[in-house]
């Protein structure tokens, strides 16, 4: 077995520096790599580009990096939950590349799987298609989208073993599996780090080959954005 | 004239047996409350669940179980979870049968704008461009006019587009309409709303053929 | 719940006819839709195109259809296990399109996911690239490959529930999940058909939305091609 | 001169700690038997397993657990199963560190042919084109000459290609070679084999620089 464990978040983030491009898993605040984000804030790494579906909220998730102005550019699909984000974007302090959510997912998956580019109908005829190749397939226009390139991917899984095999839980799965192996270095934090053999090989969501470093997250707040219950 | 729940109630009649349905944020979410019991359907939420159930009881709230509006939800026994690539594969591959979403503007050629007001509001498109770029069957749920009283059913959209020539039906507080020959066609009036009132609230070309029935709710 | 069950293989294959294009799951003889294949032989449907990684052996799997000359064209990556196949191909009776295995998988996945085309380095500079668009990404040549188009997909899963949710076992998974939803109609045969709720929603390999018909297979031979054991 | 097991034994020395390795059918499969115990590695089989173990005991044979050569196998505790798309994603995405495969012909520019003899033998390329199209590190395991005694290390391939300019190293029954400046470079001789014998068996241009050591097995 090839052992992927590192001792803690400090070791896990070795090699990060200013100006890099990061991928971060999660949808809203669900399934975000909380410990990695805290460490990014602590290290005060600057001028980074973040590929992440959302930008957190003002005081949690990627919002923490935004507040400290560590982010130069965001590549996201939806950023409506974050007032500071909107302010920085409208003032021009922050570069923003908004792209369709399915395209975001597929561009991660393409990077993971060695597919340099693919065609999708999403965004045809909109701002998103500007400057991109348009081609008809079966009489329907599609635009060409390219795989992402990133330096580090920060991923949160539910359980992982020492070989880097991962399992995600519920809708906290989202973009996390697609970012594994989509960057030069994939760092995974898990709620439960287990021994090889404890995960059923038939039900592993992401095999360890896509993971370079794995560690047990110290604590998880798992904040809820919209607590809705039955009346 | 309908309220938001009324719009949702009318749209619920469009859901057919065996449909997989994606509901957008806002009014569309309310549609789930009004679908007939004898219809078999499943709700897909693009963040990664098929077989979405109602909101949880207080004690069942789970941060790892939310919908695309970031609301806590439950999963039905037939549910499944998946990553965002497969989720949008369901959408892009036209496996989802019906998409219901909100809009800021709809044009009479079926164009839709719902994600950006330049220089003002930029929340992003989320999954909307994927949905309207692929879905065969797109119903827009919205108020007929905006807060300033201006029509949202236009000759051409003024805001940045979300998708082109894609909307198939529109249900508003005033009317049900579809799109034929690049014009709006009036199908039903909301209770107590006259054809004239609808015409007045519609900036785009409106086809009115014969007697327009009142919605049955 | 949307119920996808049909009573038997006869109902499951309703609508098939001569000249159609079929996708069939399986690698070698592992994970092949045995009951569907038997029924295709029985119905004697002719002039069909089969998309399948392999072509079975002389007396099992797709070899049974080959023997009866039901197949007009095979789209496969490896057909070395079948003498009758080689005979029909070299004599020109059978059209054959041999394509790289990863490209075969990805073209199924593209059809499933509404991606009309993508780029891959596999096959560049070989016969496989003839007539295809070549484009450089990062200085490396890639060829454009398009999504498959098929009428029926025949898939074998280990367990499935009435909603069409599927679980595969071991390496019998292979192409099966990728063919679900990649054809106009997806027919799935399972070893165990269970009630909704019996499969953990977190460990479903293919959600029911990709499946039109599901039935319990009557019997499974599960033949082994190369029985190798420790000495 | 080496036999097949000798070739496998020599190639096993190329496997480094932490490598994910894909082994082709034939000689490459034998490599697994000779890797040093203190090296951590995992074998990938492109039909959908990572963490492939040895052949099973008779009572553990499982039709649902085979390798790319259709042989029954076992899975290690660290193993995982996956579909063919993700499996070739590992290959295409260069996550697999080392590919070892057989060949009918290798050319001095790194071209390889191993899937077709026109009009005669057409088994198909299986996963070979994906492997050689993407792998960073490709070792060919083969006999130096074919059954007719003709060299398999050529100026240019005569058979239909599997991949272009991709082979990094070749281990045969006679020698270890790599490819430099579009020529074969002799690195090691098999025990008891002379440089002259290797030169004679090599149709392509052969670089021989200084003393060529004998393999240590």
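By written order: A, B, C and D. Residues from 1 in each chain.
Throughout what follows, a contact is a pair of C-beta atoms (placed from the backbone, for glycine too) under 8 Å apart; a residue touches a chain by one contact, two chains touch by 3 or more.
Molecules present, by chain and UniProt name: A, C = 3-oxoacid CoA-transferase, A subunit; B, D = 3-oxoacid CoA-transferase, B subunit.
What you see is a predicted model, and the numbers here were worked out from it, not measured in a lab.
Under the contact definition stated at the top, the chains bordering both chain C and chain D are A. More inter-chain C-beta contacts link the pair A-B than the other of A-D and A-B.
With each centre defined as the average position of its C-alpha atoms, the distance from chain A to chain C rounds to 33 Å. Mean C-alpha position of chain A lies 36 Å from that of chain D.
Each chain gets a centre from the mean of its Cα atoms; for chain B and chain D, those two points are 56 Å apart. Work out the mean CA point of chain A and of chain B, and you get 28 Å between them. Multi-chain contact residues of chain C, defined as those touching 2 or more other chains: 106, 113-115, 120-121, 168-170, 202. Multi-chain contact residues of chain D, defined as those touching 2 or more other chains: 75, 81-82, 85, 88, 91-92, 134. Of all possible chain pairs, those that touch are A-B, A-C, A-D, B-C, C-D. Those residues of chain C lying in contact with chain B across their complex are 1-3, 111-115, 161-163, 165, 181, 196-197, 201-202, 204, 207-210. Looking at the complex, you find that chain C touches chain A at residues 106, 110, 113-121, 135, 137-138, 142, 146, 167-170, 202-203.
Of all residues in chain C, those touching chain D in their complex are 27-31, 53, 76-81, 86, 89-90, 96, 98-106, 108-109, 120-128, 158, 168-178, 205, 222-230.
If you check the complex, the residues on chain B that touch chain A are 45-49, 54-58, 61-67, 69-73, 75, 81-85, 87-88, 91-92, 111, 115-116, 119-130, 133-134, 160-164. Of all residues in chain B, only 18, 20, 40-42, 44, 50-51, 75-82, 85-86, 88-96, 134 touch chain C in the complex they form.
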